[in-house]
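Structure below; questions to follow.
For clarity, chains are labelled A, B, C, D and E in written order, and residue numbers in each chain start from 1.
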Amino acid sequence: MGTSAIIFYTIATIMIVFSLLAVTSRKILRAAVYLLFALGGTAAVYFMVNYFFLAAVQLIVYAGGIVVLIIFSILLTSHIEEKMQKPDSWKIILTSILGLGGTTLCLYVITNHLFASQPSTGVEATMTTIGEKLLGYREGGYVLPFEVISILLLAAMIGAIVVAKRNKPEGNG
Amino acid sequence: MNILISHIAVPVLTTLALMFASTQKQVRTIAAGGMTIQLIQSLVLLYLFLQERAGGNDAVVLFKQSFAWYPSLGISFDLGVDGIAVAMILLTSIVIFTGIFASWEVDKLYKEFFISLIVLAAGVYGFFVSLDLFVLFLFFELAVIPMYLLIGIWGSGPKEYAAMKLTLMLMGGSALLVVGILGVYFTSDVEGVRTFNILVLGQHHIPIEMQRIFFPMLFIGFGVIGALFPFHTWSPDGHSSAPTAVSMLHAGVLMKLGGYGCLKVAMFLLPEAAQEMSWIFLILTGISVIYGALATVVQTDLKYINAYSSVSHCGLVLFAILMLNKTASTGAVLQMISHGLMTALFFALIGMLYSRTKTRIITEMGGLMKVLPFLSVCYVIGGLASLGLPGLSGFVAEMTIFVGAFEHEDLFHRVATIVAVSSIVVTAVYILRVVGLLLMGPVRNEGYYNFPKAKWFEKIATVSLIVGILVIGLTPLWLSDMIRDSLGTIVDKLVLK
Amino acid sequence: MVEQVPLNHALIITTLMFFIGVYGFLTRKNLITMLISVEIMLNAVNLNFVFFDHYLFPGKLEGHFFSLFIIAIAAAEAAVAIAIFINLYRNIRSIDVEQVDKMKY
Amino acid sequence: MEFQYTIWIVALPLLAFLINGLGSGKLPGKISGWIATIAIGISTFLSYQTAFQYFSSPSRDKIIAFKTTWLRFNDTLHIDLGVLLDPISVMMLVVITTISLMVFLYSQGYMKNEKGYDRYFAFLSLFSFSMLGLVVATNLFQMYMFWELVGVSSYLLIGFYYDKSSAVAASKKAFIVTRFADLGFLIGILMVSFYTGTFDFEILTNPDNLSFSTTASFLGLSTITWALLLIFMGGAGKSAMFPLHIWLPDAMEGPTPVSALIHAATMVVAGVFLVARLFPLYHAFAPTALEVVAFVGAFTTLFAALIACTQYDIKRVLAFSTMSQIGYMMLALGVSGYGGEEGLGYTASLFHLFTHAFFKALLFLGAGAIIHAVHSNDIREMGGLRKYQPITHLLFLIACLAIAGIPPFSGFFSKDEILAATFATHPIYFGIAVAVAGLTAFYMFRLYFIVFWGKEKTYDHTPHEAPTIMLLPMIVLAVGSVLTGFIPFGHFISSDGQSLDLHINWSVAITSVAIAFAGIVVAWKFYKTESDSSDKVARSFGSVYTSALNKFYIDEIYILITKGIVFRLIAQPLAWFDRNIIDAFMNLLAAITNWISSQIKEFQSGQVQKYAFIFISGVLIIVLSFIYATQ
Amino acid sequence: MSLQELLLLRHEWALIASVLILLVLELNFSEEKKSNSISSASILFAIVTLLGFLPAETGSTFGGMYVTDPLRILMKNILNISVLVVFLQSGAWLRTKNNYNRITEFYLLMISSVIGVNFMISAGHFLMFYLGLELLTIPIAAAASYDQYKSKSAEAGIKLILTSAFSSAILLFGLSLLYGSTGSMYFSEMEFSTNSLQILGFVFFFSGLGFKISIVPFHLWTADVYEGSPTNVTSYLSVVSKGAAVFVLVLLLVNLFDPLRQVWQQVIYGTAIFTMTIGNLFAIRQQNLKRYLAFSSIAQAGFILLGVIGGSALGMASVIYFVLVYVFSNLAAFGVVIAIEQSAGKINMKDYNGLYKTNPRLSLAMMLALFSLAGIPPLAGFFGKFFLFTAVAESGYFVLLLIAVLNAVISLYYYLLVVKAMFINKSEFPVPYFQSDYPTRIALSGCVIGILIIGFYSPVFEYIKQLCLASL
């Protein structure tokens, strides 16, 4: 087992553990922090496969954006000290069964599948390539999605503002 | 314009005109006028039809007209009538004509009432003139659905329940029809072209395994509206809650769609299965006949009496159709017409009596003959027709059925016929029971003497129906021959094996 | 990495992560923690895309870009979701998912 | 076609019916009576003309005077309407028109003050029309049609006093009982037509033309026997044969002239006519059926005679007497053979039918005159009427003598032939017939003595003689009752169309006359003056008497069967079943749907997590099912 | 990249342009004239809709990421019309005090969502599809919680955003697997064979789309979100969002997933039965009309699946045709519900008692709409349903057909309940007479006319069928 493998498995373990913690921790702020670690782990994996740009985006958008957003909203809506109630145990049991079953099923299918590898075309995920692809309009170019996502972000922005902003309180419920 | 198209157009135009009418008088005039025109053109149609036939035109259907509608699906607006359809159209015209007069005094939402009624009639006409299964089915449902409003809004008693039950059961039947129709459409082996045209489909063979699946669907689908046991229970509730004209039209015409459909769609398109399975349905219809009659004997509500007796009489229609021969089928059509007229007469009279006595329970009435002689005599005539008195239409129809059914080579069929024949006694029992309790005997109530006599529109309604009953009862030959000639294509397929 | 870690192992990790997210989504009572769970699920998907891209179809970068866009969308989604949470919080003073059941049956 | 005018015999009463029926209540005065009477008068004249013309030619062939196809079932089976003339139909034409004319005339007096005068004559004309149509029927189905019409007119006339509950009940009963019998008739027709392929009398009554390919049998009897038995059932219903007789006594609720016409002289003999009409068929194919006819006839004649001895309602006595006499006719038909002397029973039966029509109509009209005078039907309220109604008395006596079979009145001749016919074939039937002859004499004279002699009762109004318009028909009928016996009947009517000389069988005649006299004497002893001797005798018979008085409880049995079994045990449960099982089943489907709907509402719990749970479970289940399926 | 190629995206450009124009206009409207954007948005969108009907080039561009053909243009046009109707019906609601300051935003959100719809339909690449799907959903989630002071509205938003995030995560997981097994996300390059992984991926993907269409068991959000959202948004969700998802489903199944036909036919077979039945069973017991229409739309989705299952040209055509009919019927029904909600604030079935007495026209429109949904002739719904049934029968699934027709009967029951309330039941306090604003009336009459004539005017169906044949 090579170094990268060891690193990978370590990161993987970290991801899984922190993910688990994120969905089980009864302190809500901690959950957010655990999420941050899990996301960070992911970014590390991206680094390992040389997708630096993606890793950067992961860190900036996810860790820097979403998690901050989440923490911000937690602060707005919850008492940080308060421990969350434990979910009903039947819920945990049922969900665990479902989750385990689902995992088993998916893994059964995935691991039994023979993935066909395609020969590499040798394109490196350098910033230039990424930039060209992102703005390319031929096959393999992503300018159109890029365009669309800008609209999406605009719409999301408007939506978030409209929903969250209160004009004169009416008090008529 | 083709006379068949105008048969659909006149009701449609009448409804349109009604939408712009405002006063009750206008509404009545338009409705009555429209339906009078309709009646006249139905008579013209009959005349033209007989002329054509006399002139040697022996095409299966006459006055054919075809407009492509959904060519890619093989749906076209195909019109054409044979003798059976002509007879049924005439029946419809008479019943709707009299129905208008029988509901002359409707004063609640009268405009909507007449519109719904005429829409219903339009559906019926469309059903009878179409040769395309899709169009036929369209008109079938079109005829069924106004019933809901007609019963629900203008009905009496537990009307919402009755209307809902009737609509759902009939639609349940038509649900089976969809399956059956599509089954026929896809399994008929027409060279590469799919079509809904009945005549074309009739020329092609459908594999017997498929027939076995779709025949019961089509037969029961149509049978529900023809009050096939055990799917008849909508009929007592529906009829008893419906307003007069609706009961008339429904029992008089709409229930006939069932028999007509069974004959011209189910039996015609799926003859082998019809032969194989006829015994099952024969038992059911046999039960209908006897069971309906027996159940009538103990009813006390006039409308229930008529509803159950309709179950019995309409059972006889399906019974006759299942005998798979020309004579019995002729009888079936005759019975449809005869029962249509009779039952319309009954419901009209029940409505008229009810408007005076405010009750329909026969044990609460009595001696009406003395105070309402005209209506009572009409009732007696209706009753006599119903129990099959010679000279009235019921006799012609029933005897044709019995003779035809007894022609059957198979002993089972003949035994079944004997069982069905015995209904004539039970019929006599309940008819006489009603006549005895309701019309005869001492006058129950002094107040009865203040009843208004029969009004002119009531007379028009009843007399037209009685004239129909008498004409068929006295001179049945032309009608019977007309129907008989048209049955050739259908019955020949059934007999060949 | 390709030579040292088999694809299946990588996929086992993402699948596990995905179902951990599912588990979280189904059990957490707080709306925000549910959102966190969704992010974990999306993260697993991203990893999946990247792994497939890297292991099987290197160079076309389709998985890479897909992940990129998913991240962006996740951000947008989170923003709107949080806006709605706050709106809800203002209305019912709670973001407990079990109290979001005024409409049922 | 020289007989074409015969269609008018049938058509004229129909016209009268239409005029009176449509104009009911609008016709001025009593004109409707005259319209009807004139119509039937012309018919009568034409009937006599026909009879004269027909019988004056030596041939007794069947003549189709008129025929038109009315309804076609298939190429071979069709209902024709037409006029068939042969000896029996011509004879019936004469009988029916004559009696009708008399009754029409009589009714003008009898019904003068009744409401519904127009209606009465309309119905009466309808009846005459139907009856005439029945006898001239060219085929079984035409006969059945008119048979039904006859039944309906009878129903209408019995229920003439429709505001009287008893009349309504009686009319209903009459119709339903005969309808039940007609069911047999109809099935019989269906069976016959199935085997023979025709309804036509011309073919059916010529058995040589028929060949059956069937050997089918049922319960040991061939199907054709069953068919003919069923047809006889129809006849038995109309002719009030046991056990289908129960309607006849009740039918006396109708106006008395109606009873005279329908329930004594014409309609009730339709059954006899039917059997006579199909006699060749019966004889050739179903001797067993004929035996049944004979048995039923014999039983009914005795049975009815016994009951007649005990009744107190004048019209009921006559009604049971009618039953008894028709039983005679049936008996004679039943024992008859075919052709020559063998066919004596056939001739005798129709001969008795002929003579009976006159004297029974006379009896009824006489009874009508009496009822008209005393306003009661109960003979216990009558007595000594000979003083008040001398002419009626005389006429009634003639009729009584005629029915009792005292020579030289007509009844003697016809009854003698019947007795002779039974004597030659079945000694037991002969014994019964003789006994009935005695009983007949007894009960008729019982009636006669009680009414006209006996002790005078106090009457509300003094009884008076009937008006001329009523007496005149009675006189005509009395003349008929006296004279018709001398007609050489066998020359006109016989089973095979060959002329048959009727001789009086003196040994039989003497026996019967002696028995009849004995009956008269007993009646005279008992009833000439009021005494309790009759009661004593009655008591000595004990339960037999009580049973006879109660008409052997047949009515009660019927009520048990109809009300108790058919109504309560079949119809009511069926109606209940329909509402509570079948209908409830349809409602149950709806209820189940609703129930399921409310049961599964928990799925829509409002909990997002449960939704998601179901979502992901759904996905996994679908996948799992595929994985499972592909393994 | 030529101009011509860019013009292929005409629908999208027009929409994006209208977003920008609205933004600019918004800035120029004074505080008092905010409501002007209602009319300007409606007019703008009407223009966009009309533009869509101009003859257009077809083809694909952006390296196959964007595909357009006459069928897709037709779908977009159908949806554009529905959106226009929704816009016309929204005026009254937007003019209420609470929304006065956020009118333009509403239109912006809606139009963004429509842009998503358009890209989703025209997607030639799963990324485009996914982006379209999200663009469709996210603004609508915001719009669902537009009624800020109603906790139900917030609840609806929560339920929508959470479940849709969850479902899109699942969908993405499925897509990632499909990507792994085919090596591409371009539709034109993906090759399928029925192996377990692809089945797994497909089912995950299908669930995401099924979520949008409200296929059982992915439907549970529907009723709650429909009930809580502002009725105009509900109407949009039930018509546009669902319609778009159906269109995409048809396009993808028939073309892209054709090799997996065996699989998806079975999936749809099962889910169709459940969808129809469960939708009906729940609809029976609803009192709140929005909820009622939600379950009705679930049942309708089940019927739609009947057409999809055939996977033939006839099936496709029947689905598209049915959606067209459904659009008109449902929008008419919602139009009435909106009108009454705005004027009387009533939304329960019993509030409709005696409506015919006071508001005959509205009642008639409602009746026609419901009858059309129930498939009663001569309304368009009858034709739509019959053609769907024809498509099922064509594939030989007669048992499924039987279940479907029986469900149609059950559905008739609850549609009649509302008819009964309006026409038969009596009420002491019926909704008083009122007249809605012109746009609403125009929209409603348009829908009713559509319901009345589409069925009779057969070229509509024939045209669709022809396009479907060409697209196979």
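By definition in this document, contacts are C-beta pairs under 8 Å (C-beta built on N, C-alpha and C of every residue); 3 or more make two chains touch, one makes a residue touch a chain.
Remember, it's a predicted structure, so these values are computed and weren't measured experimentally.
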Any chain that touches chain D and chain A: C, E
Chain separated most widely from chain D, comparing mean CA positions: A
Central subunit by CA centre of mass proxy: B
Between C-D and A-E, the pair joined by more C-beta contacts: A-E
Distance from chain D to chain B - Cα centre to Cα centre, in angstrom: 36
Whole-Å gap between the CA centroids of chain D and chain E: 77
Whole-Å gap between the CA centroids of chain A and chain C: 5
Centre distance in Å when chain B and chain C are each reduced to the mean of their C-alpha atoms: 65
Contacts with two or more other chains, residues of chain A listed in rising order: 91, 95, 98, 102, 105-106, 109-110, 115-116, 118, 140, 142, 145, 149, 152, 156, 159-161, 163, 166
In chain B, residues with contacts to at least two other chains: 168
Sequence positions of chain C contacting 2 or more other chains: 11, 18, 21-22, 25-27, 34-35, 51-52, 56-57, 60, 62, 65, 69, 73, 76-77, 80, 83-85, 87, 90, 97, 100, 102-105
Chains grouped in pairs wherever the two touch, ordered by label: A-C, A-D, A-E, B-D, B-E, C-D, C-E, D-E
Chain A-touching residues of chain E, taken from the complex the two chains share: 1, 16, 19, 61-66, 97-98, 101-102, 105-106, 108-109, 112-113, 115-116, 119, 125, 127-128, 131-132, 134-135, 138-139, 141-143, 145-146, 148-151, 157, 177, 180-181, 183, 186, 195-197, 199-200
Complex contact set, residues of chain D against chain A: 609, 613, 616-617, 620, 623-624, 627
Chain B residues touching chain E - in the complex, by the definition given at the top: 69-73, 75, 134, 137-139, 141-142, 145, 148-149, 152-153, 159-160, 163-164, 167-168, 171-172, 175-176, 178-179, 182-183, 185-186, 213
Chain E residues touching chain C - in the complex, by the definition given at the top: 126-127, 130-131, 134, 138, 141-142, 145, 148-152, 154-159, 161-162, 165-166, 169-170, 172-173, 175-177, 179-180, 183-185, 223-224, 227-228, 285, 291
Complex contacts: residues of chain D adjacent to chain B: 25, 69-74, 77, 79, 141, 144-146, 148-149, 152, 155, 159, 162-165, 168-169, 171-172, 175-176, 179-180, 182-183, 186-187, 190-191, 193-194, 566-567, 570-572, 574-575, 578, 582-583, 585-587, 590
